[in-house]
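You will see two complexes here that share chain A, one where it goes with chain B and one where it goes with chain C.
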Partner chain A sequence: MNTQGAHSSEFRLLAMPLVLFLLVFLGFPAIVNLIYSVSDVSFETLRQPRITGLSNFAAVWNDRAFWQASWFSFRFGALTALLECALGLVLAIFLSPLIERRSWLMAILMLPLMVAPALVGLMYRLVLHEFAGPVPYYLWAWFGTSVSFLGPTSAFWTLIVVETLQWTPFALLLFYMAYRAIPTEIVEASAMDGARRWHLLWYVELPLMAPTIVVALLIRFIDGFRVFDNVYVLTGSGPGGSTASLSIYIYEAFFKQGAIGKAVAASVILFAVSFAVLYGLNFIASRRKGALR
Partner chain B sequence: MTFTKIKQGGFLAVAIASLLASPAFAKVTVLGWPGGPEETALRAAADVYNAKSDVAENDKVELLFFNRDGFWDKLQADLAAGSKAFDVNLLATYSIGRYAPFMEPVELSGEAASVYGESVLKTMQYEGKQFGVPTDLSMHFMYYRKDLVEALMKDDAAKAKYAEISEKHLGKKLEPKNPDEWTWDDYAATALYFTQAVNPDSPTRYGTVLQLKNLLFNIMVFQSLPRAFGGNWMDESGKITVNSDAYRKGLETYKLLYDAGATPSDSLSYEFAEANAAYTSGQVAAMMQWNAAASDLTSKEKSPTVADVTETVAPPAGPEGRFTHIHGLGFGLNKNAENKAGGQAFIKWLSSKEAALTYARNNGAPALTPEVVTEVAKERPDLVKLGEFASKYGYVMNGGTAAKALSVYELQAKEFTGYWSGQQSLDDALANTEKGMAELLK
Partner chain C sequence: MINALRWLVFAIAALAMNFPILVTLVTSFKSARELSTNPGLWVQAPTLDNYLAVFQVSDRLNIFLYLLNSITVALIGTTLAVALALPAAYAIARGRLGERTLLPFIVNLRAVPLIIFAIPLYMMFQWLALLDTRLGLGLILSIVNLPLALVILVNAIRDLPGELDEAALMDGANRRQILLRVIAPVCRPAIVTSLIFGFITAWNEFLFGLMLTTSKAVPITVGASFFFAASGGGVQWGVASAVMVVGALPPVLLGLIMYRQISGSMTAGAVKG
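Entry: the complex of A and B
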């Protein structure tokens, strides 16, 4: 009994730093956010918010810019995740023999990941400028026309391409590691059983890589959904807010409109929806695991 | 014994930390406007100040810059949080009401009134108190290619083409005029004439370059157009008057030019730097731009293609006259400054004639009185125009210094760019703006 009590005290003592860390760095901001989300608050009244109920949530819910930003974030996250993972998968499998022999190639392929997203935005702002950038220069020289890369109709796709070019190496890295981890005995046994290259890929290698593919898709979707830096630098929130992601919407509500309560209410909604989606995915995964047993 | 040693060690550590944080190491930290002529001028002024023998070592100035993007938002957050990272910070006419609760009124030098004049000093006043020293006055010039306009005015065939284009797009036959006599219709007609998409014989690809990015500063450039037609944010009774014929005319003129291809198709992502790059390429005939661009656009080193042929005048006229938006940038004192006395001393010096002339000679844009500006007129002829245009055509919209003035500009930027890009109708843009402004300025 005494030993158990001592263990319990030790456990409490050892867990204390973590608990304190969570309380200070997560708990306190979370409580402040919840209070602000139901308050009328500005920069001048940060220390004396006036509780106003759910009006901030109603304002967000009825704001067409919120739904426009949500739709932009969802489309951007989904499309970039699919494109990055598809390209990363093809490159990982196609380049695997080459990377295996020349490992320094991987370092070169990873270079885009080393650049801060805001810098990527600045770089493309220059590259795509009609009078300073090489791409419009050659388009004008060869075809006598300039493409509006950041105009209202093409800005979304330009942003997709910029994001995909930067983050495909991340997917490539994950898939290359997963591909290299496939046991050679399984591949050799399948080949001996007469499996062709395509069958081997489809029925053996891809199923074995499936957990990595799902994780990569999820990580890239989350990253794309919360995009801020490169989009903000390249197009701002876009004409009429057409390229405003949810992160940009919250930033602008907070800083530019000074609507702190509304911005925090939007982030609380975002948190609640994200939590529900992740909980749902976790629930489905655990049920599937149980069924397999 | 061991506890005593620990205590002694603790005291020693505290003593060392206190020494490191002591005022003996204090400086005056000045947060400036980054990446433009204002930064160059402030650096030069700070060098002169720091070299003075009567400035104590503790009061030497150190400069601090961060990115222009979101500058005012970051400053708002820092000031509201009681930041001590800077003693003196940048201030703008349109943000004084927003920052005044976190700043302290300042004392200027005895020379300030004779160097700047009372009207310019007022751009840094809020509720009757002086919150800063006005170092730069910002306004708009119309930059145009005099070689192209002169050639147009001498050529009868070109004049006929000009009349044909103006009749087709603007509904009236116009004749080319001296740019100093232009109305906004003349500006639009010239922009269309010098556009290859409209006139394949044009020597330039575009007649103008509009800054249409969803950005508050671009609305400041735009609003002199509706203002020339009588537009204002609100009337004397506080009623929002933005949903008016004047704003309708201004917005439609920009839309007409964008749709006709008179400005680059990517203009919806253009701001100050992009517009300058377009103009200096030699492929643009005229543009409205901040006065801060004057030294670069007329510099043979920086703009070899257009420096010799660029002329500046005040923006075109409308039925109500000729107008240019003005606002001042300056420096004020952070309420939570660690070296408040040092900061106040620097601000006082910055309002002196010596500082103003140093600032002017190093690319700054102070609005100086006629007596003082003559001392730099040869080096900075644009400063003579600055003073003249500010007094003749300068305006501030009703509500333009309100605490939420910046939010109004942000709102207009979002709604107006939505119209220019074809995502919403003019009626919706104006109605949304009116509704939002009523909320912000109530």
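Entry: the complex of A and C
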């Protein structure tokens, strides 16, 4: 477009409100984060932080709970992403002939996506409650035994199931759209060549869906990694901090322990790592796009 | 035969994924007495008492306030996000401004754990007296909504033919006029989609509601958890269920009515993001 030069100042003016907004509400907090992370600061000395160097980072680095929370977040993100995508893929392909003709079926499957994760977490407090919850009730009625779902041994897996059941619809929806978008000519041509159903799926359809699968895995990993709402209302940081995600770790360091320096230093670490990983991924993605052209 | 199997799989999947919603709905119609003997999935004597109790305002709990707060902050967070994103999207799509800087940064925001901004925002809000205000929470929710709104709008504008702008430029219109009179009307479906999507996201947000509000501006996601705080005799599960039904209803209804647009934009946001 050759209007670029003449109108660039007009365009700049149009983008300005957004940029200013981001500078105030993200730029300023980021600077505060950086300053406080190298300062000795408490709720009494909020306005006069004393710069002390890297002691906050050392405190985080040496905190077992920080590494425990990082490990929880990573495992939680990876496991839920894999489970959600595997389930979503199978369901999307297997149910596609049903949904094609009756789109309201998809609306039913998508329902959990509309409910706040915090509310879903609270709902599971009822579902799993030892006296009021139907799951323990039916387990007792049918098997004469029940499980302490939120106890130390099962809490982690309960949380995995809770997250997976709520977000599998997201993967399912993405995969269903990608599956439906496969051109029928390709499928027909392969069928003409005598490809059997399984071969068609494995060698033609799944490779065509591969980009969507990668994106879904990535999104679900990220959302699992930064999980807060449902875990917070179900188990909090759990017995011995066993179900504290990084988000919960930072929240509790700040609000429960008042350890501002530690919370802020952990935020800065998370900030740096997240953006490094994300920009790395963007870089790889743009390189691959370039190669395809 | 295989179709029967498909229906079976569908029924199991739908039941499993919607199970907590179903249980909550059923429980909300049970009296406390029935619940103590029958935690199962059916209701013997349905009652509306739990809903009446929920809408009973006490000095500790006020559901009307929580709902009003949620509506207000969701509206602020949604309209502000779209108002900021639309002109920027136009500049990005047509002026190719910030295509490699602003756009990827904001798209990445969708993936960053937002807790990293929460603590300085908390302090900043304390200085600005924005803690526990609807305006404050609404401002932050607009940041949460920005990435998807921007992606949806940039894609929508990119899909429009450039001749649209050229013709208006010939007529002597400037870019701001073109945006308001030509682009915005044509992009109405995309704008509506980002508004609806933003409203649902903002309504369902929990972390910032928890951190930035304490009493006056508490949204329903946080307020609902107040009903779980035992008041003497343990949690009243019937009442707590009714609260959750009320709190989940607006986004669910909105989602069911608009689910075609939503499914489309979810895919767009995912693939381009």
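Basically, the second predicted complex is superposed on the first by the 262 of 293 C-alpha atoms of A that agree within 3 Å, B and C clash if a C-alpha of one lies under 4 Å from a C-alpha of the other, contacts with A are read in each partner's own complex, and residues count from 1 in each chain.
Here is the rule we go by: a contact is a pair of C-beta atoms (placed from the backbone, for glycine too) under 8 Å apart; a residue touches a chain by one contact, two chains touch by 3 or more.
Please read all numbers here as calculations on a predicted model, not as lab measurements.
When the shared chain is aligned, no partner comes close enough to touch A:Ile186: not chain B, not chain C.
Within the superposed three-chain model, A:Ser267 lies in touch with chain C and out of touch with chain B [touch as defined at top].
Once chain A of one complex is fitted onto chain A of the other, the partner contacts of A:Ile284 are absent, as it touches neither chain B nor chain C. Using the contact criterion defined above for the overlaid structures, shared-chain residue A:Leu54 touches neither chain B nor chain C, since it reaches no partner.
Look at A:Gly151: by the touch rule set out above, it reaches chain B but stays clear of chain C. Between chain B and chain C, C touches the greater number of residues of chain A.
In the superposition on chain A, A:Val233 contacts both chain B and chain C.
With both structures placed on the common chain, the touch criterion links A:Leu105 to chain C but leaves chain B unconnected.
Touch criterion met: A:Ala116 reaches chain C, while chain B stays clear of it.
By the document's definition of touching, both partners, chain B and chain C, reach A:His129. Overlap of the chain B and chain C contact sets on chain A: residues 46, 125, 129, 131-132, 232-233, 255.
Contact residues of chain A toward chain C in the complex are 1, 3-4, 7-8, 10-15, 17-19, 21-22, 25-26, 28-30, 32-33, 36, 46, 91, 94-95, 97-98, 103, 105-120, 122-127, 129, 131-134, 136-138, 165-166, 168-170, 173-174, 177, 211-212, 215-216, 219, 222, 225-226, 228-229, 232-233, 246-247, 250-251, 254-255, 260, 263-264, 267-268, 270-271, 274-275, 278-279, 282. Residues 43-44, 46, 65, 125, 128-132, 146-152, 155, 232-242, 252, 255-258 of chain A are the ones touching chain B in the complex. For chain C in complex with chain A, the touching residues are 3, 6-7, 9-10, 13-14, 16-21, 23-24, 27, 35-36, 39-41, 83-85, 87-88, 90-92, 94-98, 102, 104, 106, 108-109, 111-124, 126, 139-140, 142-143, 146, 162, 165-166, 169, 174-176, 179, 200, 203-207, 210-211, 221-222, 224-225, 228, 235, 237, 240-241, 244, 247-248, 251-252, 254-256, 259-260, 262-263, 266-267, 270-271, 273. Considering their complex, residues 69-70, 73, 76-77, 80, 101, 212-216, 264-266, 268-269, 274, 277-278, 280-281, 283, 404, 406-407, 410-411, 414-415, 417-424 of chain B touch chain A.
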